[in-house]
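Okay, got some structures for you below.
Two complexes come next, and they have one chain in common, subunit A, joined by subunit B in the first and subunit C in the second.
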Partner chain A sequence: MPSTAVAQKDGDLKHIILENRDKQGYLLKILEKAQETSPKLYLSEETMREVAHRLDIPLTQVYSVATFYSFFNLKPQGLHSIVVCRGTACHTRGSLALLNEALSMLGIKSFKEEEENSVTSLDGFASVRTVACFGQCALAPVVMIDGEVKSRMTIGRLVTLLHKMKKGG
Partner chain B sequence: MENERMTIYVDGRSVEVDGNLNLAKACETAGASIPTLCHLEGVSSNASCGVCVVEVEGAKSLVRACVQKPSPGMKIKTSSLRVINARRTAVELLLANHPMDCLSCLRSGNCELKAMAERLGIRASHYPKLKKFAPPDTSTDGLTRDDSKCILCGRCVAVCAETQTVHAIGFSGRGARTRVTAFMDRGLAKSPCVQCGQCSVVCPTAAITERDQTQEVLLALADPSLHVIVQTAPAIRSSLGEALGMAQGSLVTGRMVAGLRRLGFAKVFDTQFTADLTIMEEGTEFIQRVKEGGTLPMITSCSPGWINFIEAFYPSLLGHLSTCKSPQQMFGAVAKTFYAQKTGLDPENIRVVSIMPCTAKKAEAKRPEMDSAYHFWKEKKTAAGGAVHHFQDVDWALTTRELARIMRLAGIDTAKLEDENFDSPLGESTGAATIFGTTGGVMEAALRTVYEILEGKPLPETNFTPVRGLAGIKTAEVPVGGMKVRIAVAHSLKNARVLLDEIAAGTSPYHFIEVMTCPGGCVGGGGQPVLPDLGKILARNRSLYAEDMNLPERKSHANVEVKSLYTAFLGAPASHLSHELLHTHYKAKRF
Partner chain C sequence: MSADLGALRKAGLMRLSGQTPWVSVGIGTCGKGNGADEVLAALETTLKNGKSEALARRVGCFGFCAAEPLVMAYRPGKPLLLFTDVKASKAPALAKALGDNEAFAKMAKIAEAKIEVWDFRTQKITYGEDFAYLPTWKELAFFKGQEKLVLRDAGMIDPESIEEYLAVGGYSGLIKAITTMTPDSLIEEVKKSGLRGRGGAGFPTWKKWRIMRDNALASPGESYIVCNADEGDPGAYMNRNEIESDPHMLIEGMIIGAYAMGASHGIVYVRAEYPLAVERLEKALAQAKKAGLLGKQILETRFNFDIEIVTGAGAFVCGEETALIASIEGKAGRPSPRPPFPAQKGLYGRPTSINNVETWCNIPLIVARGGEYFSSFGTPPSPGTKVFSFVGKVRNTGLVELPMGSTLESAVYGMCEGMGPKKKIKGLQSGGPSGGCIPSSLFKTPIDYEHLAELGAIMGSGGMVVMDQDNCMVDVARYFIGFTANESCGKCTPCREGTSQMLNILHGVADGEASEQDLKTLESLALSIKDSSLCGLGQTTANPVLTTLKYFKDEYIQHIKAKRCPAGVCENLYVALCESSCPLHMNIPGYLQLLKENRIEDAFELTLRENPLPGSLGRICHFHCRMRCRRDMLDESVSQGEIHRYLADSMYKMGREKSIYNKLIKEKLPASGKKIAIVGAGPAGLSAAFWLCRLGHEITIYDGSTEAGGILRWGIPAYRLPKDMLKKEITLIQKLGVKFVFNTPMESKEQWQRLIDANDAVIVAVGAGHETGLGIPGESLSGVMPAGEFLKAVSENQKPKVGSEVVVVGGGNSAIDAARSALRLGASVKIVYRRARAHWRKEYRFFA
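Moving on, here comes the complex of A and B:
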């Protein structure tokens, strides 16, 4: 989570790679840890290059994995994170309106759901992303704010939460 | 693998098949052809297109025949309505996002997707277009990638990763967002792509093609102020016929010359002339390296994809490369110096067109250091108070496919032409030069000459068979001049990598190594007719060896025009002028 993110030094990545390189599914583990420890919670080009170089695997393989999983961010993420569930249950209970409200409150003009996973406000304050399903359909619509799942969300509650977030609450 | 015979039932008829075949092949032995858009024998089998489905009794869903093995007693329906509908849906979904510009598409005549739509009788697409595509990638000189035509079959990714171990492209994204890209979605120019073009010969559509330069050449041919000459690589004579509808491996040397002359080239010359010249230079270089303790093993440098590969992946081994330019570039340099001087033509008005089996040759011609003739004239003309504008040694390199297109455009029926001969003075060649087009050929040609130079007597046997054939790596030990010369020959970059790793580890036992980028050598090049298979490559190889046998001279040092080029112009092999015009240097490539 943004608040607990530690600054990533070169040594960290090297350490992560050495610690995981012989484990099964090593590439996923390494990329996951590399993202978690990066200050802006993303995999930079340099990070992916270093991972490929140290593991002696092709750049395209790293890129393939990093772009396959929506968990991985290839762009710097905002200070806060807002994840709107766009699964069928949440959609029928108004998740599109929630998404649009979040975007407009953060001053984000356009977000093409079918083309990108996430979008970050220009001031770097928050990132908005969508997921296909949280598996919390009974509590739809669901929004996750800074790692905390908020169920049966309404526009009114979302506005309140975002105002609080902006005031630093 | 054990040959396991079994009986299966294909569309109600019992048939005995080899159990090691895939189900598609097994059905084919029963006379039922199974269509596919992604499976390609020896290249890829990832069952991504979903066209090869068949109905298997007892199986809940349809089975993809290209990745399934038969089992004894299996009952298969290959053309039930359920199968046909599934195939149609698979292809319609591919067509939904396809630009459908078939009339003006480069692959109009040989597109597998178009042929599949026709075969399945698809008359309309029921699905909306949902995808958006980036504009085509034209960042490299050899290849164009157009995502909008990609059907994600994975052949290009497989050939790039497995045959060539280059990994320039891979799948990125997921689901509807899946696409084939280089790292960070940047163009090929910023990737380790070696421009070999193997992706363009396996691509079922026009998603990856050669950079088409036919229009530029047609414009030059129509310009009366230009003297446009052409050179033809060895491999073209055994593949152009096929590209024009003749039998696989048709040898069309004389008809090709006649056709090129009809297209309006002022002179029809032969890259084989400079292949012989290459042997003179490279043979001399090898003897010097052996005698003077130079870097060994020495590795051949004719194949530009290979040069790009070693520059990108093994820059510390660049000292092993022969400094000889490739025959294409030697030709350009000689044509715009010696030939220009001899004929009194202004080198600035000469255009050199190459016909190559290769997409990497396009990129090679554009390499900034490939302008030796310009520097030659600049020195001369500046000394005389004149000026000269910059030009490259070779202006355009067209692939076999592009030449075939131009021939068709001009209505030249190559099959009906009478044989004609190459022009002088850059047209004579020996059998040694012909076999440059196939794996092992450069090595065999070099040995024929090196042996006779060092031994001072004729070779007892001109054919050197240990380096022939399609084994990935071929090795031999040849007694020459009191020394046992250990040689190795590799084709396809995955095999080259094995030899390079040995050199890097200090365990390479060889003195001389030949590397060709493509499977089978240039005959299997990235600019050759699309969809190669082993049979086609072997047929082309056989044709080249047949021409070698039939030529009056079969050793490069017996080429009279090459000899007179040395007497009249260059001096001797490895002379100062030779080095200026015929040799080059390499540099590490970062990606």
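Moving on, here comes the complex of A and C:
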């Protein structure tokens, strides 16, 4: 199984690079798409090497971009994703408590918001990350669970949703 | 207009105001988050199953985010009906209402408002008049005073339909520009409008365009215009909505700009966090290209221009021009020093002009209607409107488009309807991490570039986060500095090192470990970061610190000196929210626990040590603790009043308070030899005496009346606070050795001087009993009585004559006491309250 996934990904990457290399903001576009299509939603060292090689740019440039922007993951991501908005409106309406609740429910001991973009539970079940602002401030606090934005979140609702996720619902 | 465009336009008009009834659902990201997709799907299914000819339309967001999902219903010749907070279960009723006028009229009864005519600014559509009882949309508090120029189409048309955009006059500005105007006359028109950059700095747009055009002419070859949609300010999302609801408006603005500046390429740099905006913009670009409005030979002229989208990857600093350019070039988004300015050497070293989304969005209107039309809104230095997102602690959160120069007050308390009577708004934060905090005492300030800058804030992109008593301003400053410290690109030292040092100090303040010297260091650090950073991010990063230090210094001091976080946010500095909010800081969790263990005497003792009047306060306290109680999230806040009463009443009934009184008396410290006089025997004077006399001082309380108690005795009616209860509790203070001197109003200077001479200290605890009146004509007529006077007469048992009809003006505590007392005197009572019933304290609505 893993080998076909990688092979498929290689093909994708070649295609992605060819398609975007002449566009404005090509490197961001290529890295964004490469991450999107990677099975564990991250940029591996091989991916970055490949991108640098095919674009004929220094690997340091690719690495510099990949580490600069918070959107890029350099570690494999969990099966599920929980994104807690840490924007001002969400903060004033208690998003820190939501973040801590999500971490503790997934058994994640600590998460240094200012140092890393995301943290994944040891069993690889889910990743928790924060985002500067979803722009959904009117409905704060906001949490995105597996790509779906949930507004006016409360700790009670979050607990229910995570229980459901754990049960596979 | 070419034949093709004419046909598209006609098709759009048929959909918007033709013979086919429709129902529309506002689908922006906000709506989606609140179930708008489900509502639209339910409507589609219901209409399809009912074989109805009516349409279910998707439209953009109408801006009233707090009331999403928003739905409108249309029948030819009738006003549009606007519904708020619509659930999918409403679909059958809505579908039925589209069927005939009778059902439609029935549905109108539950509508929120109607729209009889809509001014798209480039076109007007009259829907019809009817339903006289229904307010128009403009009469709803949220929309009163708004002027929708930028948001003219938002929520009215389908953002994914170029037909509908054309139908409401879209692209008429572009056609006018390309077919009848020269680039120079276009820039002249923008100059006439007075439009200034909507990204926040407020640079005159025409000037930016002029410089760019001159540079592009001087250096033939490629040149670029960029739309900055990297809306990174937390709390601001107007750009997201502008693109999501009306992407063609942005495209049209950019094409006109390209024509005026002579640019060959356009780029929209959008945040990756806005997927729906990207999707809709992509669709709109494809439609514009197909219609010959974009690409090669636009409108069959020799003008070529194309637009590409670049999605950012989550870096706040990319909102800065030079960082944004680096990002497009495939580098990390680090800014570079200016000059050279982008207009000279920008993207790939070529002339580049970067404008904010909203700036571009204003252009089509300015061209179509003329610069003078635009400048008829707003103020002369800041013409036009600006879209603001009002979020945080207000009832109506959402996007508000205001003419420049409107006051903060009108928006916070008018459109957003404040926070109601339970919470007090403390201030707001304007302009995101680069902006500042403005206290509510300055809400009379007009909103424009200059006035906000004077306060130390900025307009920024227009995010306004409102804060109330539950927000700690130290925490707010810490939050923003944490944000910028995290987002600092690290290139220049002041910003990279300075922000993390500021953050350290703020952590110290929040943990109660800072000194006043630290505040001085914080301020000087903030000022040097402001002066010496490389880019706009660094230069403005200290604003939240500087403004909170300026306007909310008392909160910092409380954290440092009293080691208290009054809002109950900084975890190290409070025990529990109830304890923190209590003006006496009673150990509420402590006595609740004792009570739970059935140790009623211990619970009473713990209470009494901090509050000498538990039985009285249990009846009449304002209960700050209840406003902060977390139990609220489960069912309702803990009834501290009842618990206090239960404690005191049971103890008094059992007569077990005496041993505890004796304990307190025994514990008194040895006499200090100091004499203290307290003026006023109300609750403040009594508490001061209670504490001071236990410290061994000799206390005398002076009061002008015949008994102790102040407002408790003479203001609050006996049915609420039995006089015996009060008397009993005052005996404790007497037993502790406090002396009372009654019938001694302090009227002369000599009296005060004698008091000062005879004592080591004098405490003035006279309360706030002065009647201020309403300041309206007729107050001096006979029969008009201030509440205080009336209640005093009642408590003196004078039975004042009130006649048979009484009107009470106001809805607060005194008003209700007066009303209930008058009722007891046999009058029929009416209460006149200036706010809506919903804004009234819940427990009072019961009486009405």
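Just so it is clear, the second predicted complex is superposed on the first by the 161 of 169 C-alpha atoms of A that agree within 3 Å, B and C clash if a C-alpha of one lies under 4 Å from a C-alpha of the other, contacts with A are read in each partner's own complex, and residues count from 1 in each chain.
Quick note on the criterion: a residue touches a chain if its C-beta (ideal position, glycine included) is under 8 Å from a C-beta of that chain, and two chains touch if they have at least 3 such contacts.
Everything quoted here is computed from the prediction, not taken from an experiment.
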More residues of subunit A in touch with subunit C or with subunit B? C
Touch test for A:Glu113: subunit B only (first), subunit C only (second), both, or neither? second
Once chain A of both complexes is superposed, is A:Phe68 in touch with subunit B (first), subunit C (second), both, or neither? both
Going by the contact rule set out at the top, does A:Pro58 touch subunit B (first), subunit C (second), both, or neither? first
Is A:Glu45 contacted by the first partner subunit B, the second partner subunit C, both or neither? first
Give one of first, second, both or neither to describe whether A:Gly25 is in contact with subunit B, with subunit C, with both, or with none. second
Would you tell me the residues on subunit A in contact with subunit B in one complex that are also in contact with subunit C in the other? 61, 64, 67-70, 114
Which of the residues in subunit A come into contact with subunit C in the complex? 23-29, 31-32, 57, 61, 64-65, 67-72, 86-93, 113-114, 131-140, 142, 149-151, 154-156
Going by the contact rule set out above, which residues of subunit B touch subunit A in the complex? 130, 132, 161, 167-174, 176-177, 181-184, 191-192, 591
Inside the complex, what are the residues of subunit A that reach subunit B? 45, 48, 58-64, 67-70, 114-115
Mind listing the subunit C positions that touch subunit A in their complex? 29-30, 32-34, 65-66, 68, 231-237, 240, 265, 267, 269, 271-274, 308, 310-316, 327-334, 389, 391-393, 397-399, 429, 432, 463, 465, 467, 471, 476, 479-480, 482-483, 485-487, 489, 633
